[in-house]
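Structures for review follow.
After this come two complexes, each holding chain A, first together with chain B and then together with chain C.
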Partner chain A sequence: MKLLSAISATLLLGALPFFTSSNYVIGVAISACIFTTAAAALNLVYGYTGLLSFAQLGFWGIGGYATALTVMTFGGSFWLGLVWAALIDTAIALAIGYPAVRTNRHAFVIVTLAFALLVTLVARDWVSLTRGPLGIPGLPAPNLFGFEFKTTPLFYWIAYGYALLALGLLYALCTSRIGRTLVAIKQNEPLVRAQGISPVPYKLAAFAVGAAITGVGGGIYAFHLKIIDPLFLDFYYMQTFLIIVITGGAGSYWGVIAAGLIMSTLPEVLRFSADFRMIVYGVVLLLAVFAMPGGVGGWLHERRLARARAGLI
Partner chain B sequence: MEVDATYLAQLTANGIILGLLYALIAVGLALIFGVLEIINFAHGELLMIGAYAMTFMLPAVGLLYWPSLAVATAVVALCGLLMYELFLSRLRPGEFERSILVTLALSIIILHVVQYAFSASPRIVDTQYGFDGWTIGAIRVTWTRIVGSGVALVAFVFLYVVLKHTRFGRAMRAVAQNREAALMVGVEPKVVARNAVALAAALCGMAGAALAPIQLVSPIMGQALIFKAFALIIIGGLGNVPGVIAAAVGLGLMESWVGGFFEIVWQETAVFVVMIAVLLLRPDGLFKQGTMRVG
Partner chain C sequence: MTAVLQIDQLCKSFVGVQALAGVSFAIEEGSITGLIGPNGSGKSTTIDCVSGFQKIDSGRVLLSGKDITGRPPQAVARAGLMRTFQTVRLYERFSLRDNLTIAAQQFDAAGWVDELLRTARYRDATAAAETRTSELLGLVGLSRYVDADASVLSYGQKKLLALAAALMPRPAIVVLDEPVAGVNPTRIREVEDILRGLNSAGQTFLVIEHNVEFITNLCRRVIVLDQGRKLAEGTPAEIHRDARVLEAYLGLTPETSATEMQGAA
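After this line comes the complex of A and B, so read on.
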């Protein structure tokens, strides 16, 4: 059932450019692919490992800037830029993660939030590298062996391919022995230690993998927008990733993906003005926290349990 | 590099004043964390409400500083009370992630409602003190800064007396140190939590009102300042009130010096680097972590 709906959704999304030629619809689909992937990366860090990380926003921005600067300033290709995005984000994640994961989870949240805010300030103030508030406009279309991804439908294949790749990798990771260890760390860290497993390398690895996946997503998204400026680090993105994970149910792989596809198209439907959109988002977050603490995934799980109980009688 | 003594003295004076105001913001965060174990992400927005209340009160009372400050403080204390009664009181202890999401959602809603209602453009605030300053030798400090840091100092003394010598404050410390034991001797955690949030909000509103004439008032002013307040409560040790004040003055000084001699990007980065270094060397903060202490 799950597999069937996953396969049909994959095929349906893959065939999207054949159904519509509207650049707007395909643009929304690109956002859906990238946001879902970034949210799934946050789910690995927060949902599975239990580390609420706001640093994802920083990694997103650094990935975007690294890719854009590789192409525009250092004359590399888009693909090389993505590799740099992943490498730089991994390195930074390890550097910040090492002191941060050893503290308590309260401190972890604050450190990652401070990091995200810092990246925004640096993007704005380090004018000689990032060109400050003016940003870097006119990012060119990616080019693979002479083939140019110059239209929106063609660019969609990059976003779609990356989403499949990253989500596949995350699926493999989450269902493996490592994924189960991460869940164990979230649920009972002293027990994990008692089993002779040191939680620090696992937490660091999850944090770094989440950072790299988010960074590459940011790089692709920057080239979709064709411009990068400090607004790329707007808290709106972090908010989106977090709402997707919360409404989908932290720690539920398919719940988060379903929520990602829905929540990234919903704001487009509800779009009156930029200010209202954020207010609606805030209210949705509040409602989700109070009404559905477990998210969609938690709600489905409860329902399944209830059905199993009813079957017993 | 040639260092001019006057310039250094000027930077030092500015740094101390800035640090005292940072401390006023961060103390509220530490108080809320100590009593409720919640990190209030909407704290920056409370600050911003205080600054806006000051902005709108000043013309109404003919630019008089003190009545406006009192009203702004009261308004924000009331906002804190509402925030607790409507949202925070519904959270059970130990629901750390939910508390973050709730305060984060409130922060986003307040920020964008204010932006929608009063536009995002920054405002300059004039008071009875105008933009005149006090000159000692070659250093010149504006009156609004001097009064602002005076307000902060008085607030710290007040906070010390409240926490140390009143039932109201002792109950807060009791809950912060041992929730169960406090419950056993008849301290009601909900009432104490409500008081703590209102007190923290009042301090934060006062900081916002004092900052309004010193810097530009805009909806995003809270976001920029709260980043430093978060770093401060990490450096000072979570829930440690005097530690936070000491860290804040140190940070204000450092920021002023770094900003005076290097490019502006280093000013922001330095704060973060210090925080990471402190975490690496002393994961519990610079000052011994413990339950809420005042002396």
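After this line comes the complex of A and C, so read on.
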């Protein structure tokens, strides 16, 4: 059932450019792919491992700038830029994660939040590198062996392909014993240690993988916008990733993906009313959180639990 | 007989309190030893120090002849000491199966590459853990709950599950921190039988308990702590006759104690 809906959703989304020629609709789909992927990366860090990381915003921005600068300043290709985005974000995640994952949960939140703000400052004030508030406009269409992804539907394949790749990797990770160990660390760290497992390498790996996936997503998204400036580090992005994870259910792989697709299209669906759009969005969000405090995934889990209890009596 | 666990002159103080003032003892292979003492005598501090959850001020801990002094909990566990906790620790949102299989995963041959690619080595390790899980769940009588979340269990059942988890990797020694505290009295007998059965199959145990009757029924050797020192060590019968133990532990004078202890045992 889960597999069937996943496969049909995958095929349906993949075939989207054949159904519509509207750049607007496909643009929304690009956002949905990238936001869902970034949210799934946050889900690995926060939902599975229990590390509430605001650093994702910083990784997103660094990924965007790394890709843009590789192309515009250093004359590399878009693809090389994405590789740099992943590498730089991994290195930074390891550097700040190494001390940060040893602190308690509250300190971790503060450290990652401070990091995200710092990245924003760097983007704005290191004018000789980032051009500051002017930003870097005119990011060219990516090119692969002479094939140019110059239209929105063509660019969509990049976002879609990346979403499949990253979500596949996250699926392999989350459903393996590694994923289970991450959840175990979240649930009961002293017990994990008493069972011979060192939590730090697991937390660091989750943080670094989450950073790299978010960074590459940021790189692709920047080239979709065709411009990068400090607004790329607006808290709006962090908030979107977080809302997706919470409504989807922290720690639920499919719940977060479902929420990602819904929550990134919902504001667009609500565009019929420009004035009330965000109010309706807020109300839907509130209702969702009230009805399903554990998100979609938590709700499904509760139902499974209730059936198990009924079976035992 | 060789000592699985040997503790020499363990000292530990918290701000202003000397919790352990030179505790030494050895646990023989295949034995089942009780560690008792009044509240604040240092029982829990001792096992927290031994299992790496507390830093030791001075002293030495040897596990199967290997010096594990000051090693973190995960290193102590890998060296062969598994422990349970006084306030029972489980993965409440995991099934019983996952609660047990995860306890063995650090001890098998499958690395993270095997895990990601689901290699044959990974599948073998998983199958072995699965077999061990069924065996242990059967032993503690929780087989029918194998797919239920641990959170549905009663308190006593949770303690049994924690015991099963500690046994998963066949450790050199299992340290149980109050295995029957808060457990329904009628079920204490069951726990006793389970532990005795495992011990006759060769498993070494160190059991910390408040319940003196449980300890004297179960253990062939008892260590008594008081105010961070070892007060006495011997067979349950010897401990019962020891005047210092009676006074420190039960607050009894030797004259009144003999009859009362007979009743208690």
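In the analysis below, the second predicted complex is superposed on the first by the 282 of 313 C-alpha atoms of A that agree within 3 Å, B and C clash if a C-alpha of one lies under 4 Å from a C-alpha of the other, contacts with A are read in each partner's own complex, and residues count from 1 in each chain.
The rule is short, and it goes like this: a contact is a pair of C-beta atoms (placed from the backbone, for glycine too) under 8 Å apart; a residue touches a chain by one contact, two chains touch by 3 or more.
Owing to the predicted nature of the structure, the values given are computational and were not obtained by experimental measurement.
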Touching partner for A:Q187 - first (chain B), second (chain C), both, neither: second
Partner chain in contact with A:L16 - chain B first, chain C second, else both or neither: neither
Touching partner for A:V111 - first (chain B), second (chain C), both, neither: first
Touched partner set for A:S198, first chain B, second chain C, both or neither: second
First, second, both or neither for A:I262, with chain B first and chain C second: neither
Partner chain in contact with A:V28 - chain B first, chain C second, else both or neither: neither
Which partner, chain B or chain C, touches more chain A residues: B
Which of chain B and chain C A:M292 touches, first, second, both or neither: neither
Touching partner for A:L164 - first (chain B), second (chain C), both, neither: neither
For the chain A and chain B complex, residues of the former touching the latter: 46, 52, 96, 98-100, 102-103, 105-107, 109-111, 113-115, 117-118, 121-122, 125-126, 235, 239, 242, 246, 250, 275-276, 278-279, 281-283, 285-286, 289-290, 293
Residues of chain A touching chain C in the complex: 172-173, 176-178, 180-181, 183-184, 187-188, 190-191, 193-198, 301, 305, 308-309, 312
In the complex with chain A, residue positions of chain B that touch it: 33, 37, 39, 41, 87, 90, 96-98, 100-102, 104-106, 108-109, 111-113, 115-116, 223-224, 227, 230-231, 233-234, 238, 263-265, 268-269, 271-272, 275-276, 279-280, 283-284
Residues on chain C engaged by chain A in the complex (per definition of touch): 51-53, 72-74, 77-78, 82-83, 85, 89-94, 98, 102-103, 105-107, 110, 112, 115-116, 118, 122, 144-145, 147-149, 151-152, 165, 169
